[in-house]
Amino acid sequence: MGEVILTMKGIDKSFPGVHALNHVDLEIQKGEVHALMGENGAGKSTLMKVLTGIYSKDEGTIYFEGKEVSFSNPKEAQTAGIVIVHQELNMMGHLTVAQNIFAGREFRKGSFIDDQKMIEESNKIFKRMNINIDPTETMSNLTVGKQQMCEIAKAISHDCKVIIFDEPSAALTESEIQELFKIIRDLKKQGMGIVYISHRMDEIKVITDRVTVMRDGTYVGTIITEESTKDDIINMMVGRVIYEDPKTKSNVPKDAPVVLKVEHLNAGKMVKDVSFELHKGEILGFSGLMGAGRTETARALFGADVKESGDIFINGKKVVINNPMDAVKNGIGYLSEDRKRFGIVTGKSVAENTTMATLEKYCKGPFINKKKEKKTAKEYVKRLATKTPNTEQLVVNLSGGNQQKVVIAKWLVRDCDVLIFDEPTRGIDVGAKSEIYHLMNELVEEGKSIIMISSEMTEILRMSDRIVVMCEGRKTAEINIEDASQESIMHAATLRD
Amino acid sequence: MDTLKNIPIVRKIGFNKIVLCLVLLIMYGMFSILSDSFVNYNRIISALNYAYFLGFLALGVTFVIGTGGIDFSIGPVMFCCAIVSGQILSKSSLPVWVCMIIAIFIGVVFGCFNGFMVAYCKVPPFIISMASMQIAKGAASVFTGAQIVKWPMAQDQTNGWFRNLVKYRLIGDTPRDVTIIPTGLICLIIVAIVCAVILNKTKTGRYILCLGSNKEAVRLSGVNVKKYEMLAYVICGILVGIASIFFVGAYTTVQPGMGDQYNNEAIAAAVMGGTSMAGGIASIGGTIIGVLIIALLQEGILAIGLTKDYQLVVTGLIVIIAVSIDIISRRKKN
Amino acid sequence: MKKKLFAGLLTVALAVGMLTGCGNSGSDDKKSGSDKKMSFEIVSKGFQSTYWQAVYKGAKAKADELGVEINMVGPNTESDVADQVQMLNSAINAQPPAIGLAALDTDACLDGIQSAMDANIPIIGFDSGVPDAPEGAVYANAATDNYAAGKVAAEGMYKGIKDKIGNGKVRIGEVNQDATSESITQRGLGFIDKMVELLKADGYKVCVVGNDFYVGKAKGADAKEADADVIIEVAVPAETTTSACQQVAEPVLQKSDTIAIFGSNQVSAEGIVNANETLKVCGPDKIVAVGFDSGSVLKAAVTDQTLFGAVTQAPVSIGENLVQLLYDVSNGKDVKDVDTGCQWYNYQNITDEEIAQNLYD
Amino acid sequence: MNNNSIIKKIGMQKVITLGILLLLLIFFSLANPTFRKYTTFLSLMGYTYYIAFMAIGVTFPLLTGGVDLSVGTGLICYALAGGYLVVYKGWPVWLGLLIAVLFGVVIGLFNGFAVAVLDLPPFLATLCTCMITRGLGSICSNGTGVPWPNGSAEGAWFRNLFRLKVGGVSIPIGIIWVVLAVVIMSIVLNHTRTGRYVLSIGSNKEAAKLCGINVVRYQITAYVISGFFAGLAGIAFAASFATIQPGLGAGFELDAIGAAIIGGVSTAGGYGTVTGTILGVLIMSLLKTGLPYIDLQANWQQIIIGIVLIVAVMIDIIRSRRVSA
């Protein structure tokens, strides 16, 4: 193929207690889309941060356009022509689109900023990308997808030679992803080297030319996408073969009682007239694209956000849920998609997090019975096989999967009948993932009911008994697992008015 | 150093607190060298005089900082409590204990107001405490007609007994042979223990610290976060009320329109003691040591013939250095 | 990392040591010199006005003359009662042969005074002294009789306004820095009482309005506001600062019936002078303004007749007498109160030697 | 809807603030005829200058999402230090003024260093400098009050910088400096990199860092601006009130911060304007001068200012809630 533009050789990086990168190699050619894959914590992001000068490397060399380089901050990398589009959106919400795109390198007339020129340049870029965004609009007024486009526009506006996309599609709708791919192909034609980090196997197959796989901070290998199968890549990633067979038949009896019934739920723009039922012992999958309103539905149901209208019935009885307190009282537990922000109390111990929702059970009068609390915490650490030295360990020091287990333990201690799992396996490695699947199956066997929101099609197809599909805040389909297929779900997920 | 850190007792008390105690001792030693008259029982008594009300204020604000909030109104509110209840005491025939309860009640009213505005109306704590500081000053002044208020002296037959809370004069063989017993210290320690128990052993304290660490996560656990956030301010209010009693017990008179400087010193004491401004981490023991450091500093600086100005400068520097070290060491850890 | 923590905290300790160490050698050479020198502790009300500097100057001069040391401290502002109590306690703990005290508030200082008595340390009052101190604690005072000083101001002012009264309702303003400190309230009341007395003697009806404290304590002003010939309006600011005094003086000066105004200490008098900078209402044939104490601002104002006159105490003499009394009492001599007195001055006699020696910048 | 777009352009908060300002003016003028005098306007300006400078300065740390609590005690400290050198050491006045401003810049640098480099919470760092400057002020002047030259004294010319006497009339030319400061700082905020980066940091510090913005530098700049203006405020204070007493200044910062917040500066940072701040300043100083004219005892002022602050913030909160819903 094309000529090599970027080579990273023997990159080594350690953080206190972690060997994040162990002599990793990477080679990017001009005009190729190069996928960088690996489980969470495999070291992809760290490698890119070393490349763009956010982290300094301990060992190894980087050659860019044949010359050895070393960037000490992102700006130097940008100037050289290496730009990164970050996974988390890095926008300054109070500023306008144009101001964001040119942040840090404003055009100037004398010592004044030339806003007019910035707006013109932004318009040119958007034209080239063939998208329609007003550069004078305030950033926080845009949708997530458009914000992502602005990020890409910003990357393009640097006269760059290598662009790194760190999970760009996570927040995009299907059509936006198609637009993104169009842009990427365009950039490729212009001879840029593109690094594409993603977990979505389908996208990798569609857009990339080569795949480099990393595992536990080490380089596993590089293969050509066309010549390999999905399973090959997965095997390289996990180092063992995992078969994810979709569920073919629901075990829930047809006459299982309805434990939760939601009717005509409305909350803001993202939840419009949503109704569904949840049976005892059932896993109800919620599928849809990012921004379809699934999380918002769950939050409104749980009382975390204000809802405008709608009735909720628990075991046939109408209940009022205005805040999470009411929800918990009625036996609903909610496992948030954003663990760090809404799940764990980072600075507190495993034991304290475990009893967070049930503290009154561990109190004698106003006092906490710490012995009893510790006993319970230990019990759940054992039951969920949480990897932690002891129950006094601060949650912040645990890995993502173990943090998730602590959050699950919190709701198990509460003994909720209805559990809402919002992206329960996001950011969790494969091993912990299957443990969580196992646990969910165990729970429904015990007679609990689960609402599972997931963006991973395989997860939905593997776990659910029934699937609710949402699009733009409305429920567009309800499919029994026997009838479900990727195609049918995708169809419903893109069913717009 | 690491081995030292791992001795069980050191771990239990906390390394930082031991270092703070050492600083306290070093300071004491230094002042003893610099001033001939510093090693003196009465010096300790007079340093403690300053520590009592400051201690209660700092304990109160520790709870608020624990939630990630801040209260800049504690000093003026303390004065407001003392002024209004003192005025009632002098203008009516109510017994002093009723007026002490009134003082605490006024503290609670301000605590409720601040807490309500922060927890339920979502006003930034900094701004609401700024506003209630103005209101406390003005209200106290209006209530008394900008008058100084005097609480009864120890000699007062009916109401003077309350001063024994602060210090008890034990008269020996002759009337001139007086030993002063710092009863205030006992009160402070008892209240500090109660605070420590509330903060570490009860549901309220647990939730206060947890919501300081991650409010949204606690809310989504079905906890009434608004209630507990407000409760922190109410606890602070109670302690501010108690502080006002110990202030007048030590200094008799209060003037309206004052009290700002005590905010800063109380917050400084709490932060010095290891309470994090970001919320979630709070230490009652540390706060008390911080208060003792400030009290000792102010007595020592007077003893070597300097003005209070030096105390302010040194306190400011100590806090900056102590917190920077804390931040740097934590940054290294991660 | 813990090493760093430790090292850092040691640095703090060192910093403290250096600051205090340097400060010590810089402020008073208490440590150097012979240890046998007598050293007195003096607790003043503060240093914020130059008045206190003059007191210090007098005291220092006398101390040098007698060959003794003095250590004069005072709170940051004249409202920091608690700070002064701490300073008094600290002074007692230094176990000096005698202590000079100008109490901001006697009650607040009582505990300290009691411990001084217990420790057999005599106290000498100065400035406004220690009013209502327990029997036997204060051996003598080198003080101004503030109530009398207020009267002097009223008499002085009355000369200037006598002719302006009688044609309809007129107003006399008084700006008092606070309604709490003994010296200010005594001065303020002395002024009001004397003014009322003078006015009533000439057959006018008088009423006092404004701050509740002064209204309540004033004697003899029994007329209603509506039918009074003369209204005495007392303004008290929220803070004891020049700017706050200025703030309350302005509305009074702007009232059309105001014929005179009195500022009862240096701070409030400066507030009036400042307010007049913009308003331009004081001076000959305009509002009769009277100040108290001196300082460069007031001296200039008296000279250019913005101020009709002012009353000065004798700060230098207060300082001198104080140290003399301290010296005598610690040598076992009997001591008696010294009234350091006060004087009326205006543009005519400001340069007289008798007056000028008591004026300071 | 031409009207609406104009309001949108100026900003609703500013329109409301302006409305309140006018209402207050009308109210005071009706309540007391003497309030309508030219001289009242002059003294109103006297209170406006120093609060205005403080508030313009403190707007910048607020916009970065920080705060500067040291401006109040700071301005007294700088004025004391400068004045001490002039009055007691015989330095020329212009040098004293320069020292005051420089001192402010140094303390601003210190604040910036503590916040940006040491990573201390801005509240805490500036709380400490608040204590430190309060102490330093007294130490610098040996605890004495400092009377800056005034009246006919040599060096009193500097007071003419704010109040020029032409014939018998005083002209508050200080307004010119305040307006100039507002215009310059508005341009700095909206049309230079410094201002843009200050806003960026307040909006999303991490993002700003990743854009290659030197976050440390511009954070320090914000605090230096605050310190510089605190120095100017010290001069304005000295010019308006002549005598500076140590131990003052605690609480002044609340006037300034309160003014900025009333003027629509977001306490979380990222949004706010200098013109809004100055409207807030005018409300503050109008309350301070106006309330004594309606025969309210001074202590009521504090209560009223406290309530005004709460109302302003509540309006802001309700408004932003409606926008986001």
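As written, the chain order gives the labels A, B, C and D, with residue 1 at the start of each chain.
Here is the rule we go by: contacts are C-beta pairs under 8 Å (C-beta built on N, C-alpha and C of every residue); 3 or more make two chains touch, one makes a residue touch a chain.
Please read all numbers here as calculations on a predicted model, not as lab measurements.
**Student:** In terms of CA centroid distance, which chain is the most far removed from chain D?
**Tutor:** If we average the C-alpha coordinates per chain, A ends up farthest from chain D.
**Student:** Using mean CA coordinates as chain centres, what's the chain A-chain C distance in Å?
**Tutor:** About 71 Å separates the centre of chain A from that of chain C.
**Student:** Report the inter-centroid distance (CA atoms only) between chain B and chain C in whole Å.
**Tutor:** Inter-chain centre distance comes to 32 Å.
**Student:** Send over the residues of chain B in touch with two or more other chains.
**Tutor:** Residue numbers touching two or more other chains: 137-138, 141, 145-146, 257, 307-310, 313, 317, 324, 328, 332-333.
**Student:** Do you know which chain A residues sit against two or more other chains?
**Tutor:** Correct list: empty.
**Student:** For chain C, jot down the residues that touch at least 2 other chains.
**Tutor:** Where chain C meets two or more other chains at a single residue, that happens at 74-76, 80, 211, 236, 238-239.
**Student:** Tell me, which pairs of chains are in touch?
**Tutor:** A-B, A-D, B-C, B-D, C-D
**Student:** Give the list of chain B residues in touch with chain A in this complex.
**Tutor:** These residues of chain B touch chain A: 197-198, 201-204, 206-207, 209-210, 213-214, 216-224, 280-281, 332-334.
**Student:** If you look only at chain D, which of its residues touch chain B in the complex?
**Tutor:** 67, 114, 118-121, 123-125, 127-132, 134-139, 143, 246, 250-251, 254, 257-258, 261, 267, 297-307, 309-310, 313-314, 317
**Student:** Under the stated contact criterion, what part of chain C meets chain B in this complex?
**Tutor:** By the definition above, chain C touches chain B via 1-6, 8-13, 15-17, 19-21, 23-24, 27-28, 30, 71, 73-76, 79-83, 85-87, 89-90, 92-95, 105, 107-108, 110-111, 115, 117-118, 120, 178-181, 211-213, 236, 238-239.
**Student:** In their shared complex, at which residues does chain D touch chain C?
**Tutor:** 32, 34, 37, 39-40, 42-43, 46-47, 134, 138, 142-145, 147, 150-153, 163, 168, 170, 237, 240-243, 245-248, 288-289, 292-293, 297-299, 301-302
**Student:** Would you mind writing out the residues of chain A in touch with chain D in their complex?
**Tutor:** Listed in rising order, the residues of chain A that touch chain D are 54, 73-75, 78, 86, 90-95, 99, 103-106, 108, 111-113, 115, 268.
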